[in-house]
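Chains: A, B, C and D, in written order; residue numbering restarts at 1 for each.
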Amino acid sequence: MNRSRQFFGTVAVLVGVALCGGCAKSPEPKFVLAKSTEEIVPVRIGDEKTAVNPVEAALHENFGTPNSLVAWELFPLDYGKAEDDLDHPERGTEGWKLLHGRNLYMQHCVHCHGTSGDGAGPTAKFLNPRPRDYRLGKFKFKSTAGAIRPSREDLRTTLEHGIPGTSMPSFVLLKDDLEPIIEYVRFLSMRGEYEFRLYKGIQGILGRKVLAKGGSVPAEAPEEARAEFNDGWKDTLEQVSTDLAEAWTTADAPESIINPREATILDDAKVLADPKPRGSVKFSGETLPADRRVKLDHKEGQYWAVKSLKDEELGFVHHESLEARTGIDPKTGKPTEKSLKRGRELYYSQAVACFKCHGYGGRGDGPSTEDFWEVGNDSPLFQYAGQKYEVRGLHDDWDNHLEPRNLIRGVYRGGRRPIDLYRKVFAGINGAKMPGFSTSLTNDSDLWDLVNFVTTLPYDQSILQGPLPDPSVQPPAAPVNPQASN
Amino acid sequence: MSPWLIILSLGSAAVLLAGALTKKFWPAFFGLSAVATVGISVLAPSYRWWLPGGAQSPMGTEIDDLFYMILIITTVTYIAVHVVLITALIKFSGKPGVKASFSHGSHALEVVWTIVPAAILLFISLYQIDVWMRFRNFATFNRHSRENPVAEVTARQFEWRIRYPAPGKKLMQKPQPDDLYTVNDLHVPFGEPVVIQLRSEDVLHSFFLPHLRIKQDAVPGAIIPVQFQANFEGEQELVCAELCGWGHYKMRGQLTAQRKSEFDKYLRDLQARQSDDGVSGGRAAAVVTQATPKAENHP
Amino acid sequence: MTHGHGVSTLKMGVPIPNAKLGMWLFLGTEIMFFTAFIGTYIVVRLGSPGWPTDTHVTHINILAGAINTFVLICSSVSVVLAHEAVHQGYFTKAKNLMILTLVLACVFLGIKSFEYYGKFQHDILPGHVPESNQQVLDKMVRELDVATGLTALRQRQVSVANELAKETNEERKPRLKAELDVVNTNVSGISKKLETPEFNDLRRKALAGTIKLDDAAKALEKLQHDHPEFKVVHEIHKPILYGNLFASTYFLMTGFHALHVIIGMGFFTHIIMLGNAGRLGFEHGTLVENYGLYWHFVDLVWIFLFPLIYII
Amino acid sequence: MSTHAPADTAHAHDDHDSHGHAAHDSHGHGHELSFFQKYVFSTDHKVIGIQFLITTLLMLMVGGALALGVRWQLAYRFSTMPIVGQLVFANEGGQISPEFYTMLFTMHATVMIFLVIIPILAGAFGNFLIPLMIGADDMAFPTLNMLSYWFMWPAIFFFGLSFFVEGGASSGGWTNYPPLSAIRAAAPGSQDGQTLWLIGVTFIGVSSMMGSVNYMTTIINMRAPGMTLFRMPMTIWAMFITAILQAFALPVLTAAGFMILADRTIGTCFFIPGGLTVNNTPTTVGGGQALLWQHLFWFYSHPAVYIMLLPAMGMVSDMLSCFSRKPLFGYKPMVYSIAAIAGLGFIVWGHHMFISGMNPALGMTFMISTMMIALPSAVKTFNWLGTMWGGNIQFTTPMINSIAFVSMFVVGGLSGIFMAAVPVDIYIHDTYFIVAHFHYVLFGATLFGCFGAIHYWFPKMWGRMMNETAGKIHFVISFIAFNFTFFPMHFLGAAGMPRRLADPYNYPYLEHLLPLNQFMTWSAIVMGFAQFILLANFFLSIKYGKRVGRNPWNANGLEWTAPSPPGHGNFDILPVVYRGPYEYATPNLDVDYFPQTQYVPVEQRVNVAHGH
């Protein structure tokens, strides 16, 4: 009997210990502060009794924590107002979309992109390329120009198609759930950018030197100094939030989207002498809006009948027009030899110089990848701006090593449609070293020639053959930053 | 909790109690476990803890039939073995002073219980060889679908990349400029055997269509044709069934089976979308016109 | 575990000492070990549409292999004689025969390393063999870059410059500056000397893939003639399809065999040391026999490997 | 050392030490040995066996903890995982990362297979029982034996270390399929963790190889006088055949391990096909075959499945016969069955690869051989039933565990037929049906067999009994929780739930399985904690258990004639064997057992049934 008691006593103790270990309080997910924000020494703001980190306080007030989110009306954020929807009872809660988005984000995205959207989740460090850090407000693959934020539609495209050639998979099957995720990603991005800009704001008020040492206005600083800081800080908060709100509002405006400069070929069209192939012909000669889908009908060899589906406009386009604009042979739908030749010329030209990054053989191993590149002012490592990365090769704005695309593989991260490639050539890739050529190549047909060249490369490498550019020209000293103009 | 479960648990308690009172606790215990096992298996389908609906492909139906055949054989064996076991436990529970019967075995019994299972097992294996050969032997595939694979499915970490030939063309092993690409959503015409070419770009994956009972590993370095026939119209799951890395569970795809005409239209739409160059009357239109010389006037 | 004296008639089991039985069983596991390798070789070879068999391409030396086979067979004989000598009590003779075996094993390894040297010379190493024209050219570019040494130097340049920029201690700055100057001079000197127009031209064309292999070989030869620094670049040979797989299996099988040879040499050394110490006696009969068994096994494996790798 | 004196003279010399064999001189005098030589680096097979046993019991808890991690994720996907989540994944609110999940199940399998099941059977019981049951004074090569134990520790160390290196532990599944495991960039766990895993497995391989050569030599050559092959207990037969399997299958895995290690480190390409792009690292060059690894791996690992089962079968046969107080039914068919399982075990490996894209004709061949291997298993089951039938069954803890073994083995065996049938396997391959199947065999059968064996031979190890009540409570909880945990897995498999998914409910057709999974998880937790009862019972009984004499179970085997615990050299008199080990309930004897060593004068023999 005694012996049995000993057994069970021991067992009970062991079980108890194990249970206590297992049932400790579960941690809450938390937004991580950027490294730079953490360096700020707390100050007393306004009439506060205790010193706080001003950026942290502002973030907490305006965005909350993952478990209690705060949606700011000022931002163009559809956080999901409460609805009466019997089919979806969860929509009755205020902010349901953001909450739903957060839940989905915590299930599908957090491992790579991190709770704060800093691209530093537990899985991130092993992925190549690294997951996006949303906090700079920069997105690579989008249809909007330059540094403009991505539209909701762009984010949806990325989620639906994934990013081929990277670890970002396609989430196309989430369907209705995509919208909340997009909204939450926008929320995280705004939050991160807000943080980043506030830091820059403090830097502006206090000067860079103080911050470089990780300093701020000490709590015991003279009253005037603190008052001055508080005034400046108030302005900064206001300025940053309105700027941000505007930036994100612009993103969804239709005019932010890049379309081919000559989006239609109708303006070139000539009305035939006998304008009666099919009843009355109404042709204005004006440029049709880009979103209007047009169908072509093959007609008598050299002419194309163009019919707008929307309002039955009918016009005739010269056979050569399509070819002249986009380098496509309308008979075969394939790029013309002339276009490919011109594309090659541009690829190896000193003005466009694609080969410098994408390589002499299009394999993404150009001379630029052999150089050491400088840290930019905008990068998270801006305190080292002017110094060089010790890893050879290009770096993106997130300080990650960057490999120019291998054009032979036929994998296009931003999408493989001609319009996607056009946009890349037109405006460059935001955050990466790919510059836009909208200013250097004023003629759209040049851009299309490049697109044709690039889309043909995976299937026919013979178009690379020919003399190589003059070796005496060194690679450019600094990258052409597409954001510089914005 | 369903009433069945309540009845089950109360019954179990009663049996165990009765066993304990009659000093037959252990026979009752093991007997109960056997009864419970069978019982829960009978109940399982009503909780949908069972095959995900009837098989939606002819091959799947045959596999289901085999499954049920084996299930019957094994259930009978299971019950028989346990009846003997429990009987032995009840009948021969130890009694003090009683000596067990002295026997080293029986040659006749050994022969019987070697030959009977052997015959059954041999029957099972020979019975199903043709199903297996139809699944894996390419020569038995429908000739038309074998020569005209509907798509190439390339598995990669962690998604299914799908490549269709342009409408009216054949799928080539080497990618063609006019191939059509999608991701995670495989469309096929329904009601006819189709063949896909299965590839892998990085590690092992497995192309698993649970509702069609189709599964085939995607082996890097190999192209494996897989034939199946979707007997439904609509969408079903496509799952990766071979560990392929950290995001294995993320590799969710979908099989959409459509009427032939809808499938063709799907491909044409895909083609138009993919050749979109933002220029009205540009490449998209040209390509569509190329594929269908007589343009349709309705969208 | 030796059995010097007679075995009881009531002893169950087989009439051999435990140690010998153990050795036989161990050799059984060893057979399976090499079976896996040989099986792999057969599978990958039959499973590959092509295989490099031309000895000019693979730099396999059949003669060396044949000599090695002969050497190993001789050593097997000498080890048997050594065992016999121990049994008969001629311990010095046994020791001498063991020394002979050891020497033969050394000869084997010598010839083997000569062969390996050839492989290294021509870079027929796993993962190093180009299997397409572009890979040949890429490899040449890589080796050219290594030959100039500029990549490493430029790396150093950057890290010293960064160190200098980060350095707050004024006293240390001059030293870093001086170092930076030295590196800078080195870089520009070497660059001027080696990065000639011909060098750049060859490199560029190779990267673009627009140069024929023969032309590249000629250009490389000229570079090597002008600058001995480029001598380390391997000569350009045609791509070898399945060359990497060949090299993998070759090194795997011969490597593990050589490892077994080395272990066997350790055994022989043990016996020789016993002999030198004058402690070799009748009780070592089983030990010598076991070592001999092991050695026969090593010999046998080679007899399989020789035709598999060298002849077919 | 094994020159036993003739049997009849052995009685005269009970002073064992006075024999003074050469081999004994070095370790024949216990009092001269230091603590380390006696208990740590001991060459005594009993000490080594107990070392193995305690190590594997501890590893069982480790492997169980890893399994609970897996179960937790399946029940509460991406919510706070106790302990690990709080410690490692605080920023994410305690939800584990998906790659950590892959590491959990990989290391669960690794620990359970390589550090628990194989060593507890071959290492612990093999070591402890073989010399005792065949009447030898120790293993043939005691030093090798010691090494085989200590070679396990580097493996434990490397497996443990792998959790703390960059990228974490191996995450390619215990099957370690390349290219996932061969290319460093393919998964976080494919970095250094995978290398450590391979090194660890190589150590286990060397350890097993040393052990199996030792067992084979001992069993062949060191049996006591009279112990003919067909008088050996089933345990010994099973151990013998297991050792053969291990010795001749394992080197293949070791060789394959070296190859994959070379692929990972020095640029060979045995298992890496050319032209792959994994995680954007440079495209692979070469032309190896990914499937080759599967062939080599399963060439070992299918026999390994029997390595993980046969010894338990043997021990259960002994226990069933003893507690049915009745001779084993069909001794020779049982032996032939084991041999047949081992023989066929070498030619069925392809059934793990039915859907891997290998030649369909091969698939057919493997299907038939796989179906046929079910036959000896069935024969064994029937023989166990035959043993109990007509017996005088005593429901001791070892016995109820053995009955559980039979019952669970039937489930595991029958579910095997589903997957042996290739067309059905197309559907259930890599689903939870497989998981259910092998857990029924490995846990339901083998581990319950081991639990029984621990209770059965504990008195021989320590001279004390384990507590019967605690043993029965442990059994009841474990058995119920085990079935609650693993039986529903058949349903999950039938519902098409694939293995190794960190979040199966990502697929809508599996969403309704969540409550069932939660139920299973809680059952698993109960099962896990129930093992503390076993541990407590084990360790406390060493000190407080009831003292017993040499033969507490009235069993026949040679081991029961040795003192409890046996001293150095095991037997105080060299045993001579007169009959097989299963002569229970012999007519015309007063008692119902008839030890193998009991001598019967000639004039009485007519009245006593002959042994084997």
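By definition in this document, contacts are C-beta pairs under 8 Å (C-beta built on N, C-alpha and C of every residue); 3 or more make two chains touch, one makes a residue touch a chain.
Treat the numbers as computed from the prediction; the structure is a model and nothing was measured.
More inter-chain C-beta contacts link the pair C-D than the other of A-B and C-D.
The centroid of the Cα atoms in chain C and the matching centroid in chain D are 39 Å apart. Our note on geometry: chain B versus chain D, Cα centroid distance of 31 Å, whole angstroms.
Distance between chain A and chain D, defined via averaged C-alpha coordinates, is recorded as 54 Å. Residue positions 157, 246-247, 250, 252 of chain B each touch two or more of the other chains. Contact with two or more other chains is made by residues 111, 123, 167 of chain A.
Shown for chain C are the residues that touch two or more other chains, of which there are none.
Chains that are in contact with each other form these pairs: A-B, A-C, A-D, B-D, C-D.
Interface residues of chain D facing chain B in the complex, by the touch rule stated above, are 97-99, 102, 171-173, 177-180, 183, 186-188, 273-279, 287, 289-291, 324-331, 333, 355-357, 360, 363-364, 367-368, 371-372, 374-375, 378-379, 381-383, 385-386, 388-395, 400, 403-404, 406-407, 410-411, 414-415, 417-418, 420-424, 426-427, 429-431, 476, 479-480, 483, 487-488, 490-492, 494-496, 498-504, 506-509, 512-513, 516, 582, 584-587, 592, 609, 612. Touching chain D in their complex are the following residues of chain B: 25-26, 29-30, 33-34, 36-37, 40-41, 44, 47-52, 60, 62-63, 66-67, 70-71, 73-74, 77-78, 81-82, 84-85, 88-89, 92-95, 98-106, 109-110, 113-114, 117-118, 121-122, 124-126, 128-129, 131-133, 135-137, 157, 201-204, 206, 208, 210-211, 213-217, 219-222, 224, 237, 239-250, 252. Contact residues of chain D toward chain A in the complex are 77-78, 80, 82-83, 85-86, 88-95, 97-100, 167, 185, 187-188, 191, 277, 279-281, 467, 469-470, 503, 529, 532-533, 535-537, 540, 544-546. Within the complex, the chain D residues that touch chain C are 1-7, 23, 140-141, 209, 212-214, 216-218, 220-228, 247-252, 254-256, 258-259, 262, 266-270, 274, 285-289, 292, 295-296, 299.
Chain C makes touch with chain A in their complex at residues 134, 151, 154-155, 157-159, 161-162, 165-166, 197, 200-201, 204-205, 207-210.
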